[in-house]
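In the two assemblies presented below, chain A is common to both, partnered first by chain B and then by chain C.
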Partner chain A sequence: MGSYWLPTSINGFLGDIKDASLLHFVLEGFLVAWLIWFIFRKSYKSHHRHSLSKEEEDKIISEWTPEPLVKSTPQDHPALKPHVVTGKAGHYIDVDGKPCLNLATHNYLSFVDKPQVEECAIQSIRKYGVGSCGPRGFYGTVDVHLELEEKLAKFMGMEEACVYAYGFSTVASAIPAYAKRNDIIFVDEQVNFAIQKGLDASRSRICYFKHNDVEDLEKLMLEFEAEAGKNPRKAKVTRRFLVIEGIYMNTGKICPLPALLELAHRFKCRTILDENVSFGTLGETGRGVTEFYNINRADVDLIVGSMEWALGSIGGFCVGSSFIVEHQRLSGLGYCFSASLPPLLTSAAMASLEEIEKNPELITVLHKQCQLVHDALANLSEFGYSMSGDIQSPVKHLYLTNPPQDAEKHRSLLHSISQYCIKNGVAIIPASYLDHMEARPRTPSLRITVNVDLTPAEVEAASKVLQQASSEFSLS
Partner chain B sequence: MKVGAFREPERLMRREVAVVPKVTAGRAERCGYEDEANGTVTVGETCRRPNMATEGLLSDGAHQLKTFAVNGKHALNVVNGKANGVVHSKKNGHVTAHCNGTTTGVPQSEPKKKPHSKESFEEVPLVTAVTTYMGFYLLVVLGYLNQFLFAPPVAKERNRKGYVPLYNRFEQFYSRYVYRRIRDCWNRPICSVPGAEVVLKDRITHDYGWTFQYTGLEKKCLNLGSYNYLGFAEATGQCAEDSIQSIKKYACALGSTSHELGTSPIHLELEETTARFLGVEAAITFGMGFATNALNLPCLLSPGCLVISDEKNHASLILGLRLSGATTRVFKHNNMKNLEKVLRTAVVQGQPKTGAPWKKIFIVAEGVYSMEGSLVHLPEVIALKKKYKAYLFLDEAHSVGAMGPRGRGVLDYYGVNPHDVDVLMGTFTKSFGSAGGYIAGSKELVDFLRVNSHAACYASTMAPPIAQQIITSMRIIMGEDGTNEGQKRVMQLARNTRYFRRRLHQMGVIIYGHEDSPVVPLLVYMFSKIGAVVRTLAKKNIAAVGVGFPATPLMEGRIRFCLSAAHTKEQLDNVLDVLEDIAETLGLKYSQLPRYKGVIQYEDENK
Partner chain C sequence: MHVGGHGNANPNTTWLKSRGMWVSYILGMLILHLIILSVPLLSVAMAWTVTNLIHNLSHLIFLHSLKGAPWIPQDQGDCRSLTHWEQIDDGAQFTKTRKFLFAAPIVLFLLTCFYTKNDTSHFVVNLVSLVIVIVPKLPQLHEVRIFGINKY
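Right after this comes the complex of A and B.
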């Protein structure tokens, strides 16, 4: 646990006393404390500084020039002139005043502009106002939060759920609530950025395995097992985790969950499954990748979902057994130390969830559209595009088959294609990454999202625009 | 121990009669330093806070307890019950004799500075310290007995035989046997707007806090728990109406990030309004305050940078610093002398091992500290930052809107030029009754963040109705709605704050923080008293927040009141009467300072 200023030997010592009984600990602790204090108090004072005179110090200070606050930003960067979306980001979207078919925002089930959802949000404002004005612990728990948590848990058939105020912070807080320094986490190399931040915050040891490659994971786990065999004392306190996504935002692929869980079970890893895309989209009734593979949900330790994509609201949630989820109410940083989700967004998410429950056929329709888009995109291969993503996934990536060598040119070409599509009435955008921050390089792509209201004619038209773009930019 | 100034009855009197914060220009360069407590705790020794907050509430605590074992100084504190004044964070920023409010002439151009003579951190009497510790350890021992004798009625992990245990044993023990005893004081659900009054959902426990059942009853309480400083948590009125309209126009969310298709005109308007409100060139906004810190600090900092962080900084800041990979050093809460020492050492010594100069040095502080009620000593921090060429990151989560004659935050309060703070951060959760956060400053900074911020690239943009609430409330504060409603709210909050704090002082309870800070922590010290006070208050229909170990030091259990412009004098009087009662029966009048005997006036509206 957090003690990075201490040398590792003391860290090991801390690890040992962690498991001692408190009384024991207090008695011995005090003794040790006095001792250390005595030793260090003396030495600390004597061994520093005094080697420099005040003038010398002042000279150093006056000569030191820090780097500027921030590096200057190229003024032509696209992020400085973002597209402006006027109106609702529904099935159609107005981008910079141009009405477009929406293949860009994550509105899989068209809940963003559903009147029932809006009405619930409005009623919620009339009752609760807008903000919750406090974290969950301090009068920020509104009855709608409890209701939503209960509904989510029931929907997923698990014991308990907890709701976070922001999708990004959900998985980023959930991971470090369990995984700590000295633990080990096996992670798919294509996980989204929020997961990567959660891994960073945990300070555990991270082992990336190749995307959806069960064999590679097994290899890594075996290696670890061998290593652990050499130091059983340490292995006894090293928790193991497996972190995966249901559908990968970065590739549109579904994880091979059964095989992964089998491995996790064999090597006694607890599994954290991020369903930010797959929740509400995968499986017959939208219950995610566990339903898709017909897997007992109790085999997964924690499922993390987002309410920002399929549910058309803001926030995220975790579901699992009470034993697991309850812990986050005191240890999830984003849960404890941030204001709770505004009630109106809670109500909106709840209204969407009710819609899914009432109309499971919505999911069936979505799957049909996913297939439709999938086929249309797969047919673009002769136009210089290659597609990634599974058939049932509402997120697909289009890569350029012959991209420019230069990364910068590659990106700007994708940007131009996107601009071209928008000009021609189809909102398609490049997936945005901070390349220097990602754990693994991400191939630049156009990220296509599927909406339940798409018609074959619209998909056809969109595909036409992409074909035209291909000849416009000589892609093939 | 220099609490001398506090003991001066004459000074006390002046505190009571000073109505508008007097703009005094003491010799600024002396104010924070003179009163340094003895500087025996060395820098290195104070470097433990950052780890704790980022481990969550519980492990934080477990850690803290363990820290006692390795940290002799801490252990010493404990034994001395702070009577020796070693806990400097409480001592500095203290009332000092020279900061007596006399105005000396200063050149016009100099920013107006107020000496921070308005803060109080009275120390706990020795007896209380000892009993608090005994009480806590008694709880722990009883807990162990309990755990030994009875199986806890809690969920167990199933089908995970042979796995390494998921939780730290002490953490589990603490939450089950210590925290549970007063668990009913937190997470109380509400079912109304968190305005001046709030409706609590009644719940009871039949098994000493293991589980709760809802009775179906509701209870209206006076709300001193929510961060509703300017009273914008409203279900009716302009803000609510505008937000509803924005749902009709833009829906509840956009389902995209700001690099992709998540920007709507309402976001541009919000950013433009925020920049205007703060008087800076530009601002960028995000959907969550916590994430604003956690996801933006890492792109401003990198390994090779040094951050000097106040020990009481919020968990989100500490998380952001940890993610950045920069080196973090901690300075004692609001202690300018210590800050300078850390800064100077850092610049002179450079990076550890190599001795290479630091790339950048950041000072990270908050405007109003939410658990201490204290105010950053901004003019001094700025002077130091300039002297040592450091950058200043100021988190105004609790101060923006709530401080300053125009409600623009601590910069406004101190009359500081906004350009003197490099990175202005704040949240919309509190004074604006909404959600989200901003970072504001130069256009160069904001442009950089638009391109490089993790949140701009990967996190959803703010929901339109949330943004609209902020725009409307901000306009009201700025008077752009054509009324003086906003100004009235700012004034009302200031009056409420001073009145409430003075009355509490007079009552003889110990409160922490700055006299103009709307966050009022009332010290009850003992763990069990936190529960007792919160429950009694609830019985009398007052909702307040109790904070104890591990969120505060073990010694310093407290009840926190957050004042609001929505409160009336009558409501505050009601609370104060109840508190008077409680303080008497539960023995909270720990203060050993002389009390003002006269009648404390509620300031006139026109003042």
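Right after this comes the complex of A and C.
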């Protein structure tokens, strides 16, 4: 064999080449030349894949109007006369040193000022200090976090839960952890702002269906199905999601969950259910909208809840199967990259949760109060208010029946009504929206929240104040 | 695995860049070739053709067929529709990494031609495999799916 790597003689080398046909010569010569050309080319960056089309560019340019760095503020701007709230925002709230009945903050079960909960938080400070000093994956996990996750999972009867440090970032992180570019998300048009931010971050295609309108959703899904039929290979890698809220913060209405889930099942959608209001308030024992409709919770892929409203703490959580929830521990951005929930708030949430488990009657009482407030507000229709919100919902919206045409006037009228109410001992505020960032225009409204400690007399008084406001501002 | 440290949302864009990778690549090819060469049944020419085919097949699979990344990249699925070749250097053309990976199959092909003494049947097989891995590397075919192959 001689030498394997090199020919033994020049003749041997030439022999190989001499045997080669002209075609070989030409091809190999061409390859070498091509390679050299390739190597000496200068590098360049190709155009970005997600560049805007001409129309999009024009649209953005035409929409842009330069703004002054600091706008001049009108002298009657509400921000110039802020209210000062002192003390706890419990059943009563001290606004400018005057106690008001609190119908403004979300404290459905009165856990914000419950002594047992406070005691737990204090104990926790003594043991752990005030902060957790790191994200969950980076020295920020304290035993109470694991305990709370276990408790939440057990309470909801799901495999696993993960706790976020902030209610807003929970759903805003959970959605983009699963839905990516090229996916499609069907979502109710009245979803809250946190969900909308999650949708933005997902980069998916968003399809809004009319509020609580199952038929409209079906129509959209059928349209998508028809589109998918034209390109089945693409459809095969397009994941579909359905994002809904248990009780809509923006309308106070309960979602028609059974019908929605049936559709999701039919069109193979993954479902994400945001229970920020409904957790701890709906259902016999406060387990949310799934309990309200008596639905098997495993039919919903991911349930997202808030611990900021009913539980009176801070933070949020996701519950679902381990397979689904575990994914967020590495791809939920709010989970990975925020410092974890302070142990004292974790303990407080745990104490509230235990309280709910121990006293499910609390929820029954809350339902009674919701009914009470519902009836009282429904009776205001002759005074120029119209109410939105289901009976069992602890969040109700009061709209004006004959609002001023001008949106700015509309808002300032609601603000004046709210000021009038506060002056008369009832804290009621308009729902505030970042109007220019909301997906759909929101009708300005007064948002009333129900508290478990309300008495019929208080509800009556609040209703009186609203009636007086009506005549004061001649609403009817 | 979750990635994204050091501000790099998708390591697939950079990990082939290092010179250490290139050395490992060349050493890997050499060891593969030596292993094949030590199989008694294979002639020298056959060993070279098999080496070339395995090399080109792995290019075809790992650089031009599989899309996305083996980890969870932080790009909200941007790379889901891209092959590894298209992700290299964030799609910049004629970069050093691309030149190296472009040169690899060509040099291997020339060597194979030499050691198979330009035998026609070997030549045809090797040429076809070369064309299959060179065509998708062309800058003109960046993010182009001919006949919709491997489009979604």
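Descriptive notes on the structure:
Rule of thumb we're sticking to: the second predicted complex is superposed on the first by the 397 of 476 C-alpha atoms of A that agree within 3 Å, B and C clash if a C-alpha of one lies under 4 Å from a C-alpha of the other, contacts with A are read in each partner's own complex, and residues count from 1 in each chain.
Keep this in mind: contacts are C-beta pairs under 8 Å (C-beta built on N, C-alpha and C of every residue); 3 or more make two chains touch, one makes a residue touch a chain.
From a predicted model like this one, the values you see are computed outputs, not experimental measurements.
Of the two partner chains placed by superposition, only chain C is touched by A:Ser202; chain B is not. Taking chain A as the reference, the larger set of touched residues comes from B, when chain B and chain C are compared. By the touch criterion defined above, A:Asn182 lies against chain C but remains apart from chain B after alignment on the C-alpha atoms of chain A. Touch criterion met: A:Val237 reaches chain B and chain C at once. With both structures placed on the common chain, the touch criterion links A:Tyr166 to chain B but leaves chain C unconnected.
Legend: residue contacts after superposition of the two complexes on their common chain; A:Gly312 is shown touching chain B, with no touch to chain C. When the two complexes are overlaid on their common chain A, residue A:Ser331 makes contact with chain B and with chain C alike.
When the two complexes are superposed on chain A, the residues of chain A that touch both chain B and chain C are 1, 4, 19, 21, 28, 32, 34-35, 38, 41, 44-45, 49, 176, 180, 201, 203, 236-237, 330-331, 333, 336.
The residues of chain C lying in touch with chain A in their complex are 1-2, 44, 72, 74, 76-78, 80-81, 89-96, 98-99, 102-103, 106-107, 109-110, 113-114, 117-118, 120, 123, 127, 139, 142-143, 148, 151-152. Chain A meets chain C in the complex at residues 1, 4, 16, 19-21, 24, 27-28, 31-32, 34-35, 38-39, 41-46, 49, 176, 180-183, 201-203, 233-234, 236-237, 330-331, 333, 336.
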